[in-house]
Structures are given as structure tokens and as C-alpha cells.
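Chain naming follows the written order as A, B, C and D, and within any one chain the residues start at number 1.
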Amino acid sequence: MEKNNIKKGWKNRVHEIIYEADTPLGKWFDIVLFILIIISVILVMLESVDEIDTKYHKQLLVMEWIVTIFFTIEYIARVISIHKPFKYIFSFYGIVDFLSTIPLYISYIFAGSQVLLAVRAFRLLRIFRILKLVKFLGEASQLKQALKASRAKIAVFIYVVLILSVIMGTIMYLIEDDDAGFTSIPRSIYWTIVTLTTVGYGDIAPQTNLGQFIATAIMILGYGIIAVPTGIVTVEFSKQGKSNVKDGKSVVHTSTQACPSCSAEGHRDNAKHCYKCGSEL
Amino acid sequence: MEKNNIKKGWKNRVHEIIYEADTPLGKWFDIVLFILIIISVILVMLESVDEIDTKYHKQLLVMEWIVTIFFTIEYIARVISIHKPFKYIFSFYGIVDFLSTIPLYISYIFAGSQVLLAVRAFRLLRIFRILKLVKFLGEASQLKQALKASRAKIAVFIYVVLILSVIMGTIMYLIEDDDAGFTSIPRSIYWTIVTLTTVGYGDIAPQTNLGQFIATAIMILGYGIIAVPTGIVTVEFSKQGKSNVKDGKSVVHTSTQACPSCSAEGHRDNAKHCYKCGSEL
Amino acid sequence: MEKNNIKKGWKNRVHEIIYEADTPLGKWFDIVLFILIIISVILVMLESVDEIDTKYHKQLLVMEWIVTIFFTIEYIARVISIHKPFKYIFSFYGIVDFLSTIPLYISYIFAGSQVLLAVRAFRLLRIFRILKLVKFLGEASQLKQALKASRAKIAVFIYVVLILSVIMGTIMYLIEDDDAGFTSIPRSIYWTIVTLTTVGYGDIAPQTNLGQFIATAIMILGYGIIAVPTGIVTVEFSKQGKSNVKDGKSVVHTSTQACPSCSAEGHRDNAKHCYKCGSEL
Amino acid sequence: MEKNNIKKGWKNRVHEIIYEADTPLGKWFDIVLFILIIISVILVMLESVDEIDTKYHKQLLVMEWIVTIFFTIEYIARVISIHKPFKYIFSFYGIVDFLSTIPLYISYIFAGSQVLLAVRAFRLLRIFRILKLVKFLGEASQLKQALKASRAKIAVFIYVVLILSVIMGTIMYLIEDDDAGFTSIPRSIYWTIVTLTTVGYGDIAPQTNLGQFIATAIMILGYGIIAVPTGIVTVEFSKQGKSNVKDGKSVVHTSTQACPSCSAEGHRDNAKHCYKCGSEL
């Protein structure tokens, strides 16, 4: 690492600040970014509250511009300082960064660009890395692997639940009146899922005796089948735990460094080359 | 297999197309069938939405006829091309196929034949086979076996829950007024199950202090006893997982082929004879 | 057993019919009892539905008398035919049998004896034995043992949940207005439990922003802590399963015979003496 | 222990009564304290019910004064009799004891001191020790350890759930009208969490078809991801159980004695020195 640093130009230094957290400047950048992401999400929320927007519209707009300008600079810096910019631009985070930067600009051209504001929330995912939550990243990847391993079983489960909902929803539509809220089969299916998952809004509820009897059956069914995904995931977690112990290490130590060419993260502490594209770190 | 193919007549070729997915024509047939099943279910849904039915009644009827005619041809072909047609006709899928074909015909004779449309949803179960989801079939059969093994325990559990609901429902009927919605014991039992399964519509809710106190007890009870089926199923899944590992193989490879005489599915890849009726594949 | 039968008087024969299911008459008795218990519970339900009670009051009363007379005879026969009648009379089933027999008699003396009708539902517990569900009894006792072993942990859990509810309920009472339904601390605690257990009726719901924020925290808490009883019970079930396998037998075979002196059930198939009081079977 | 008792002054004797439960007086003190804590919590509840407060205001106030005076004496005695009073004063229980004593005094100075009454509920946590529930303390500490071990995984899980809620809430705000209750993004997020945790009040419910479709997806998601914390906790409990068995003992026997200097509890039965500060017991 030290040897490479000597040969670095300004691009490399920018790269180090933005993509890594090992230098003091890099840490400061991460903290500022972290705060601005939180602010940007809170801004979107506050703007949606009518009373607040009416009162503090001007202040909110100023804040929005500050955040947008910082995000714009950050985005440009990210694109410039990386070796293979297109890999970043079309990566998940690249798209999220782009879409969460542009809404304010677009709002002067198109109305209804608010839709893009929802994208900002995805930026919150960066926080894992920003907070140097390497340990948490390890936990998250364990969870991810367990869920991945049980994917097929859960897909079968959800598929069966959906078929059940279609069948039960159709039956309830035939039994219950429109007055009770069962105005169409799609709406009856909506009700069935509300009941099966034990959410139970109560905006639609069966009125007839037969309808209430079937509803009861659906509830007990839903109460019982929740055991299935739980069982699947628990067994998978239990396997994960054991295989980790077998290897003798429970957590692989990863650095916060990102590859300068492809911006892949999660390199081992002692890695010299990117595990993805092979370029030197 | 190749040797048998030489001696095949048209019945055998039809059988191969309908019941198997190994030939190009068989694959095409499966894809068309898959799309038509999805369409047929969506058609039933759309017809139930008043605004859509009023506007596009004619188009929907035409689509309905196309689906019905295809299903009719398919059903006849299935009956003709199989060695033992009665086994198919009285099998689960045979009955589902029949009932999901006839509603349109019957609607010209009887009103209210709509009830049969609900049967169509069962056809969705075929998709597992159509999508060549052999791996999923393996997962599904694992889930099925685990649930089968824990059947007795779950039956005991549901039985105890039902007795509890009858007792609690009767008590709540005696405590609460008619105004709160507890107009009869069956309705009180309905409320108890709604509460015990944590669905909680809120269409019926206790008003008196004593009623709310007992409701609280029922909720905590329900919150706690959900642990029972989960525990049962998890332990059973965990056993399943271990016994599979013991055998050294985790998934038995099965072909998509169906037996020409009895239409049993799920034969091993290298099977020469049907595991059910013993006739050559 | 055969030797004893020779010396039996009529009391013994009545005992055999009522308490055992090994003779044809004993089986018939059990089936009739089973049907009458179900009928007696359904009768209580139907009487509570106003429309039905008004229309068929006479028929229901006749049925009620038939059931009551049969239960009366059965109760007297049980008391007479057993060696130690007081053990039966003050046992759980003895009290349930007595209380589910008397409501009709008392209704001519006191009004409001309906309360006792709720007791009838407990009779449904007999069905396990009646249906010769020895296997189910085994399962039920496994469940019981697992729950017994995890009793202390679950008590701690429920205790913590209750304290949490009291604290959160008091806080919500201070935050929310009476208009939202939070009229007193007990009612706020009721709402907290409704929310924490994910029942969510919606009859009481927070209106202020702060209230909704805390409600959100309670929900996520409730969503998370449901994992605790599930985890406890699952681990206990898993231990049960292992200890059973260790013994080499998974189910202890029990006969349907009951002890003639103390009416204890669940004797081993080859038992000669009651495991409880030691008298000959 | 016996040797030390000889040298004890009155401070030591007060300490023994208040902090320990091994002497008859200590037991009596604990029972009285237990009853007064329960009474103090019930008093707060009753005062909040308008009908009761209007009728019995005087009686409640007298009771309140009795409880307050006892708590005052107890608090002073605790501070005096301990070696290092500041450790107690700034410990969790010290602060709870102080805050649950002062509300009545403050109510004569400031209005709205009711807020502090909520603190009283925390006193209920003492009951574990008061009831000599050593066994329960063992169970509680097992639960605590299991939850502590799975803390990182649960934090990741809750964080992902919150991000999901922000994203889904924003989307629902854009789709649904104000009439349906989705008046701002924070409120939409509140609804999303209500739905995701399967609480489902029904005070806010989607009206449009698209909204109901997304709601359905959120429900199934929520229904599925409840498996994650359950799986995490179950695996952790299962590990706890095994490590306890490995040690050969399942429960560490602890005495009800508290350290005279730092008031730490949970010493081993045969402990001579406090495990925390090392002073003699």
C-alpha cells in the first residue's frame, strides 16, 4: 500500500478520500456524507408534511440545494476518480447516487419528479460501510447467505400461499356480499392475504356466518403456516453457525478499502489484489 | 427410451407432447398451457370487477371461449392418450382439469356456475411441473414430508386451540354486551380466534373492563402459543435436513417424464419402469 | 386381566363399560358419549343465537333434556362403579362432569346459571381418550413436557412483557389525548398489549406524531420479542426429540384402560398394577 | 458470615434487612416492599380512571402518602446503610427508587409531575429478587446472554426493516391519496411499520388497487421476515443450552445476598468476596 501511495496523483488522492476510510480526510468525508444522507432523507419527509412545508418552505429549499450540490460534487468526483467509471455508473450504488441527486434539477423541468425522492432512502444502505461496521457487514452477509440457501424453499412456500389466497379469495367473493367489502375477486384476495398474514385491518370483514367460519379457518391456517418460513430459516441459520465453527474462524476480517478500478468492497485485510477484477489495491 | 419411440403410434406422440417436456413440441405445449392457465385465472378475476366487466364484457367472453376450447381439447387429448384413462379422470388433476373446463358450458344451462371458476386456481399447481422446477419439487416434497411427520403434534395443537376458543368465546359472550358485537356464542368464538391468532380486525372489540382484561390474557396466550407449531416444524425440518445429509445426497434427481399408463410423475432420472405401476417408461 | 373378569360383579361391568374401551359395549358407550358431548356443546352455541332460539326453542329444550339426563346417568354410574368415588368427584374431570350436568336443573331455581354452560367445553378434552388416540396422547404429553421444561423461561418472558406494557401504557396515557381512546392507564395498557402482540384492533389508535412514533417502537419490539418464546420452545422440543431417540423408543405404548380405584389413565400396555395407587387393574 | 455478624453495628443490621433476604426481618421487609410496590403501581392506574378518581380521591391520596412515606424512609435507609452510597444513588435501581419516591412532593410545586409516575413501573423489576426467584434469575440471565449474543444480527435486521419501511412508506405516499390517511411520508412510514409487523390497526388503509397490491407485498414480506429474528434467537438459545450442558451444571446457584459496599447481586452461594468490588460479604 505505502509504495503505491507515492505514485498517486490527485485522482488517486480523491479516490482514497471518497472510497476508503483509512486516512483522516477519508474519515471526515464519510462522516459528512453520513450526516448529509440522514438530512436528505429527513428533508424529504418534512416536505411531505403540509403544515411544516407551508411554514418553512424557504428554509427547506435552501437545505435541499445544499444537499443536492454536495451530492452532485460527490457523484462527479466518484466518476472521475475511478479507473473504470462505467462499472460504477451502472452499479447499484451508482444508479442510486445518480437518481438521488437529480430530483431538484428535474423539478424545474417536469412536475412530479418527487417519485425519485424515494430513491434516496436506498442511500441509507451505505451507512453500514460508513460507520466502519465491518462486524455488522459480517453479520449481514451471514444472514444473506442463510436466506440465499433457503431461497428455493421460501419460494415454494410463498407460491403455495399465493395459490391458497387466490382460491380462498375466490370462495369468499362468492360467499360474501358487496356490502361487506368483497366487491371483486382481486379485493377478496387482498382481504385473504390481510387475514392469512394476521395483519387484519378490519376495513373488509366477513358478515355472514359461513364467511366468518371460513375466515376462522384461514386465520388458523395462517397462524400455523407462519411456522414454515421460521422453521426453514432457523435450520439454515443453525447450519451457517456450525459451518463457521468448523472453519475455526467465525468472521473473515475485511478492510474498508474499495478497489480503485471496479470499486468492489469487502477485501480481506491482507489482500493485495481486488478479488473481483484483479487490479492492484 | 429411444427403442420405445420407434414403435410409438399417434397416441404415444400425443402422450409425449402433453405429459412430458423432453421434446421441443412438449416444451412448446407446456409454455402455451402455462400462459393459458395464468390468463384463465386473470380472466376470472377481471370478470369479477364490475367496472371492467361492464366495459370489456365482449372481449372477456371471447378470451374465455378461447381458453375453454383449448382446455377442452387438452382434456380430451389427455384422456385419449393415456393407457388407463380412469386413473387420470379420477385423479386430483383430472378432476381439477374437468371442473375448470366446464363452467362456460354450464353457464348456458344453470346460473351460478361461477362457483366452479374457483377450481381454476388449483391448476396453478401444475406450474411447478411446467417450469421444469425439479429442484423446487424436491424442496416442496421435503416441506411436505416435514409437515407430514409433525401432523399428529399439529393436530393436537389445533385441537387444543379450538377447545380454548370455545371456552374463551363462551366466557366473553357472558361478559360482553350485544352492543360490542358479541351477539352469540359462535360470533364470540369467531372473535376469540381473530384475537388468538393476532389477526385483530376490530369489527368486534370488548368494551367492558373485565372483557378487555380477558382479551389481554387471550392475546398474550396467542402470542405465546404461536411458538408451539413453530417449534414443532423447526425440529422436524432440522431432522429432515440431517437425514438427507446422512444419505450423502441432498436432492434426488428426478425427470419431468410422466408414466404413460398411470401418469405418475417424479421418476428418477435413470428410471426404466414407473415406480408406481411398473409399466415401461 | 381374564382371571379378574370372572370375579367381576355388575359394578365391575359398569366400570369396564364406562372407563375402558376394550369391550364392544365400552366402545359403543364411548361413541355415544362422544356424539352427546359434541351435541351438548353445539346446543349451547345454538341457544345463544337469538334467531335460532326464538324459532326452535322447544326442540332445543328437548335435546337439552336428553343430553342432561344421559349426563346425569353417566355421572351417577361413574361415581358408583369406582372404588374410591371421592377421588373421581374431586378430580378435574369429576368436577367438569358435575358442572356440565347441573345447569338445566339449576336454571329452574336460579336465573343466570348459563355461566356453567361454558364448563361443557372442557368435556371436549375427553375426546382424546374416547377416540383411542393413544398416539395423540403420546404427542400431547411430549408437548406438555416441553412446555413444562420451558415454564420458568416463559414466566420470565411474560413477566418482562407485562412490565414493559405497564411502562409503555403509562407513557402513552401521558402523551395521547382522551379523544384517541387513551382515557385511563389501564386502557392504555390494554392498547399496549394489543399492539405488542401484533393483534392491532384499531379501536384505540395514536393520533399525535409522538404517539405514533412510540407506537412504532412498540410494534418493532413486539415483532422482535415474539422470537423469544419461539426460541425457548423450539430448543426444548429439540431436546425432547433427542432424549426420546436416546432411549431407543419414541412412543411408550399405553392402553386405554383406567384404574378401577383411582381412575388414573395412561397405563402401559402390559401393566398389572396402577402406577398411581398400586391397585390391580 | 456468622463471624462478621458479631461485629456489625446498626448500619450493618439495616443493610442486612434491606439488601438481603436471609434473616426473618429481611424477609418481612421484602414482603412489605413487594406489596407496597404493587399497591403503588395500582394506585397510579386507579388515579387515571376518571370515575374512580372522582369518587375515591381522598382515599387514594391517603394511600399515596403512605406509600410515599415508606418509599422515602426506604430510600434514606438504603443510602445510609451502604458503604459507597454514590454507587447506589447513580445505579439504575437508585435512580428508579429516587424518581418513584418524589412525584407526590413535587406535585405541590409543579403541575404535570405525573410523568414521573411512569417510573414506578420499573420498580416491578425488583420482584425477581424479592420473591427469592433465584432460579428465575438464572433463566433471565440465560435469556439476556442469548439476546446479547444475537444483538449484532438483530441490529442489522432492524436496520434493514427500517430502511425498507422508509422506502415503502415513501412509495405508498406517492401512490395513495390523502383521503386514505396517507397525509405525509412520516405517517406513511408509520402505516408501513403497522403493516410489516402484522399489527394492522386499519385506521389507515390503502384504497387504490395499486396501493392494495403493494400492501399485499409488504404483508407477505413482513410475514416472511419475522422468521429472521426467530431464527437468530433460536440458534443462540440452542448454543446457550449446549454450552451449559458442557460445563456439567445447568444452573449456577446464586444467593440472594447483596454486596454491602456496591450492592451488586447474584453472588455464588459459597462466595466470600463480592465478584465486583472484592469487599467481604
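Observations on the model:
Please note the rule applied: a contact is a pair of C-beta atoms (placed from the backbone, for glycine too) under 8 Å apart; a residue touches a chain by one contact, two chains touch by 3 or more.
These are the chains along with the protein names UniProt gives them: A, B, C, D = Ion transporter.
For clarity, every value in this text was computed on a predicted model and none was experimentally measured.
Copies chain B (Ion transporter) and chain C (Ion transporter) of the same sequence differ in orientation by 90 degrees, per CA superposition (steps of 5). Where the sister copies chain C (Ion transporter) and chain D (Ion transporter) meet, the same residue numbers recur on both sides for under half of the interface positions. Interface comparison, A-B versus B-D: the pair with the greater number of contacting C-beta pairs is A-B. Comparing mean CA positions across the assembly, the chain most remote from chain B (Ion transporter) is D.
Between the Cα centres of chain A (Ion transporter) and chain B (Ion transporter) there is a gap of 32 Å.
If you average the Cα atoms of chain B (Ion transporter) and of chain D (Ion transporter), the two centres end up 46 Å apart. Contact of a single residue of chain B (Ion transporter) with at least two other chains is seen at positions 186, 189, 198-202, 226, 230, 232, 234, 238. Taken in their complex, chain B (Ion transporter) has these residues touching chain C (Ion transporter): 152-153, 155-157, 159-160, 163, 166-167, 170-171, 173-174, 183-186, 188-189, 195, 198-202, 205, 209, 212-213, 215-216, 219-220, 222-224, 226-228, 230-232, 234-235, 238-239.
Chain contact summary for the complex, chain B (Ion transporter) toward chain A (Ion transporter): residues 41, 44-45, 48-50, 114-115, 117-118, 121-122, 124-125, 127-128, 135-136, 139-140, 142-143, 146-147, 154, 158, 161, 186-187, 189-190, 193-194, 196-203, 226, 229-230, 232-234, 236-238, 241.
For chain B (Ion transporter) in complex with chain D (Ion transporter), the touching residues are 198-202, 230, 234.
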